[in-house]
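The structures come next, written out as structure tokens.
Common to both upcoming complexes is subunit A, partnered first by subunit B, then by subunit C.
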Partner chain A sequence: MTDATYKLPPQTPFLRKIQNSLFSSPLNTLLSIATAVFFIFIIVKFVDWAFLSSIWHAEDEPLCKEAGGACWSVIDARHRIIFFGLFPYEEHWRSTVACAVMITTIVASCIPWFWSAAKLSTLWLLGFCTFYLLMHGGLFGLSVITPERWGGLALTIFIFAAVSIIGMPLSIVLALGRRSKLPVIARLFGLFIDFFRSLPLLTILFTAAVITPFVLPGWLQGDKLYRVIVGFAIFFACYQAENIRAGLQAIPSGQDEAGLTLGLKYMQRVTRIQLPQAFRNSLPSIVNQFVITFKETSIVTIVGFFEILASGSAAFGTGKWTVYYIEVYVFIATIYFIFVFSLSRYGAYLERKLRVGHG
Partner chain B sequence: MVDQVNSDIPAVTMEQVNKWFDDFHVLKDINLQVADGEKVVVCGPSGSGKSTLIRCICKLEDHQRGTIKVLGTELNDNVANIDEIRREVGMVFQQFNLFPHMTVLENCTLALTLVRKKSRKEAEAIAMQFLEKVRIPEQSAKYPGELSGGQQQRVAIARSLCMNPEILLFDEPTSALDPEMISEVLDVMVALAEEGMTMVCVTHEMGFARRVADRVIFMDQGEIVEQNSPHKFFDNPSNERTKLFLSQILQH
Partner chain C sequence: MGSILGSQKSREILFQAVVLSIVAALLVTMVVNTRASLEAQSLTTGFGFLERSTGWDFSFSVLPYSISDSYSKTILIGFLNTLLLGFLGISLATLIGVAVGLIRTSKNGLFALLGTVYVETFRNVPLILQAIFWYSIISRLPRPKQALSLGDTVFLSGRGLYFPVFNIALWSVALMLLLFIVWLFFLPWLRERLNHSSSYHVVKRIGWLLLPIAMLVIGYLARIPDTPLLDMPVLKGLNFKGGMRMPPELSALVIAIALYGGAYIGEVFRAGLMSVPRGQIEAGFVNGLKPFHIFSRIRLPLAIRAVMPSLTNQYVQLMKATTIGIVIGFSDLFMIISTSINQSGQTLELLAILMLGFLLINLSIAFVMNSINRKIAIKGYEVKD
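This part shows the complex of A and B:
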């Protein structure tokens, strides 16, 4: 034995590690094999159903029954309904471009280079204006299509983006308000947050869609879609405010005191010292709230909007397609998965990025 | 600001200052004057009110009775006064309180750009100058979490110095440090004292007190029990409580 032997920790060979963790006892060996067999069975079954025995083209639909696999013909034939809902057929390109614009805006605002108030607000103003112009029309010779006829993926993304962009600043205001040193302000904000948190989202959306027109003056009502978005955004903000507040409470009081003794004003301490640390502290739950919100957009179906899930039901709702609902749901689930998985991966990236220097 | 300050005006004047935390009377009839350029060390057993005393000077705590004047400006509910005083009074904390999400350099430049309205370039030049002074310029791109306690405290001192304060307050600056890091921080503080900075230090570093203090103040149960030159204070304490305290901290 030379001295060098002791400079490195002892290494366990790879095969030995596998043996230790999977086959260390008869019971473990049995469980490992059973689990492996089960998963291989599932994967083989799925691959066979989805790819090997499946039918892909709309005109091949009659072959579906004998093939025994997935009948993707339904997607080939009906994907426009899923993506565009009731949007007029010949204007589908507008909805496609609008979707692309909104997704680009969302992706761009995830890039650190855009993280200043000026850049973000310009980006979102441009994004929303372009989206609205394309979807609603009325300018540059585009025919007018009112929000009742918007649908599918474009509507889902629009609702999600609008709720986030209204809800996020609102949640910061609510969180800071609830932590105000003035008891009256803190109580009022607390009451507001707890009131909306204690209501089911469904109730809020119903109220926004159906009841507010009786209460609000005509010029304040706006379209049903916008009322629903505002209601949804308030609901989102109240939950997100509590996540942010948790992050704020985890900051040691010395941080604010250090800011005070350097002569920083309240807003400077909030934006430069408190919020960056609060976001870092509660990033997992903040991202979680976004994920939940993306999925909950499907609830707007209940007040008469054809977002992607409702459009999907319409896609298999007629004639020969009624039996292929599994394929449609798998397809929609894949779309949801792409969005939500990207969102959570982005959250993980942010966590790594913000952890710099925190050990 | 520097040339506006008349050296006849005391840096800090406290008259009959009283403070309560709920029912607990933390400061009792405190009378204290700190002259411009003077170095005062405040010591005393834990819970004696010494930290509260210096936190009152930069209005991190409100006092309920009596008057506190800093650089001739009274600390009352006038927000403009408080802002002005906070800009001129620096504070170094026991727990450093560096901003963990900013690099060492950003910690130092933050207030320069936001409060002193310096350009980024100017602010960075000033910050580097003070980081050199605390002998840590090579760490400027690191985050506080990557530094040792002693290094963090030196950065915290540099951050305060960047604001070019008239008075620097130290709240037990070495109490959270491992023993081998205490001297690097004290060396910086001694250098500052020798340059004529007005300092009020809450500390138990009696060697430091002997070396730089013009006056040592002993507090117990919210009162100033004894104040004297370090020589008389350590070698010939007059009060029984001071004697007891000194025997407790100096016996090792």
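This part shows the complex of A and C:
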């Protein structure tokens, strides 16, 4: 190709783009101005409430009435309850380090370098065991703290991590089972998945917490927290299995047939041909399922666990702090927002990247 | 033995039989265990308890009730409460969702950003947190004496939202609804019958004119005697008399579901509007249609068809999400069932009823939405998603 034929398409200048978007007609200009005024109004109001007229220190709580802004004193005074729940005060550093380890694990598994079954499972097992060891103690001179006393952000993260670790392998088994060539197996797995998907999560958690003791023999019951986590993980796996199944169905049948002609066994075809492509096909919806699951961990508060939402309610539950509920809820909402928003942005980034890859 | 295991076919059958018997064994163990633990607590199984009276109170009911009502009636009330909450929440969420979808697809970048900010704010915070937040705000509003009023007809106080209602019998409302539904089903039949001729359009116009008049007449005839037609909430002493009250639990849940669901449905509608092929819109321009007509006659109809499957999914999800109402004490089906379990101990039976209730709701939503989908499908035109 010579220089003469190679010519870039004309580009709209930046200012022209703005003009086309915001000021293309008198009506559009009016709309832009109205929106801008609305945005400025909201931002000014919020910044004034949250930063300019707000009180920051616990000791300054008496000033809150006149300040007219947010009273962050409640967070300053009660943030340990929100983050750690009933965890013993002098061991809070363990909970902090444990959360940091788990968050690092989550962030690391977003890096493509870790994307192989061996690396991911090593990473998560290592992260999860470190988390559990730090929280539970009993080794290296750490005092034992049983799960009944865990709470706050650490419990939220623990439930999320445990559900992911149990749910992810289970979802692969469920997805493969549902696509099995053997009719009885396919039907059974299909029935199982559809049954759990038709119920609200709360029903399943409630069954796991309250009703399973009737149904299971004593030695299988375990602690209430673990029953709820297993119930949650099954629910998660049923949804995730459908995402993986969609990815499996998108693979051209020639891929599997090529494996067959090369004489590969079923397990080899699954691990080398089917699953890698299935994960690539449905990566955005798989990430999205994790996003939803992180938000849904808040539901365990109803079956009586002291995760971040419940510990937040406890934070403003006593004495002079009862009037500052809005500050606490905004604070917790911000924590959720940071986790969920960054995960969902990551999912959107993957979606764009994969679409480019497919050309 | 060797020959049985030798063939691929018989190995597969054997494997399936083994799996099937393991599952059956598991189920049998669970039933036996349940029997044993129920007997240990000397509880009887079966649905006989449904006729016993409950003896406990709950927060909200769409029907008149008392604490001597039977379990079956109380559960029915819970079911109706769930339906009411779902209906109000999902209707509002759809309205918000359509608006947000339109705002986000606007050519005006700043205006579209408004929709994006809305979606990201409400989608990324758990629904249950939003419900508790709105409930805290509503239940801490001033007492009825200092209620916020809107033209002295609608009042918002810590006891909930008060608004005027018509003093007409309940049966007439049902009759009006029935009339409307019959009319909607009659129209397509008429169109087939009159074969799209001009007389069909005349009948259709007259029908749409007569329908509201007929409703007004029914409403007037069904007036409750010796009361004013409009029942206004009036402050008497410490509380409001008359009108209708929407309790704080229901108000907070409706607001939360509408805002949260609106964000999700907004995304569904945005995707639907974006999925309409450019060629369709350009064809409209070529034919000289105005932008509004391109939107109302081409873009919106095609978008609605494209969103039907994901919209059905969202509705089912939102309906299931109503169960979190228990956290602020709204007496929906889930709360009634869990209270019943605590009070009567008939765990498995009540759980079965709960699951049946949700199965019924989910299947009905799927059935209605699929019927609409089939009805509005354009033959020979498939929208790709």
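The working rule: the second predicted complex is superposed on the first by the 326 of 359 C-alpha atoms of A that agree within 3 Å, B and C clash if a C-alpha of one lies under 4 Å from a C-alpha of the other, contacts with A are read in each partner's own complex, and residues count from 1 in each chain.
Going forward, a contact is a pair of C-beta atoms (placed from the backbone, for glycine too) under 8 Å apart; a residue touches a chain by one contact, two chains touch by 3 or more.
Here the structure is a predicted model, which means the values were calculated and not measured.
Peer 1: Touching A:Q255 in the superposition: subunit B (first), subunit C (second), both, neither?
Peer 2: So A:Q255 only meets subunit B here.
Peer 1: On subunit A, which partner's contacts cover more residues, subunit B's or subunit C's?
Peer 2: So, of the two partners, C touches more residues of subunit A.
Peer 1: Which partner does A:P276 contact after superposing on A: first (subunit B), second (subunit C), both, neither?
Peer 2: first
Peer 1: Between subunit B and subunit C, whom does A:I326 touch in the aligned arrangement: first, second, both, or neither?
Peer 2: It touches subunit C, and subunit B stays clear.
Peer 1: Which partner chains sit in contact with A:S298 here, subunit B, subunit C, both or neither? Use first/second/both/neither.
Peer 2: Only subunit C is touched by A:S298; subunit B is not.
Peer 1: Just subunit B (first), just subunit C (second), both, or neither: which does A:F38 touch?
Peer 2: second
Peer 1: Of the two partner chains, subunit B (first) and subunit C (second), which one does A:L264 touch, if any: first, second, both, or neither?
Peer 2: First partner only.
Peer 1: Would you mind writing out the residues of subunit A in touch with subunit C in their complex?
Peer 2: Touching subunit C: residues 18, 20-22, 24, 28, 31-32, 35-36, 38-39, 182-185, 188, 198-203, 206-207, 210-211, 213-217, 295-296, 298-299, 301-302, 309, 313, 325-326, 329, 332-333, 336-337, 340-341, 344 of subunit A.
Peer 1: Can you tell me which positions in subunit C touch subunit A when the two form their complex?
Peer 2: For subunit C paired with subunit A, touching residues are 12, 15-16, 19-20, 23, 29-30, 33-34, 37-38, 107-111, 113-114, 120-121, 123-129, 132-133, 136-137, 140, 320-321, 323-324, 326-327, 334, 338, 341, 347-348, 351, 354-355, 358-359, 362.
Peer 1: Which residues of subunit A touch subunit B in their complex?
Peer 2: It comes out as residues 252, 254-255, 257-258, 260-265, 268, 272-273, 276-277, 280, 354, 356-359.
Peer 1: Over in the complex, which subunit B residues touch subunit A? Could you list them?
Peer 2: Against subunit A, the touching part of subunit B is residues 58-60, 83, 86-87, 89-91, 93, 95, 97-101, 103, 110-111, 114-115, 142-146, 156, 159-160, 163.
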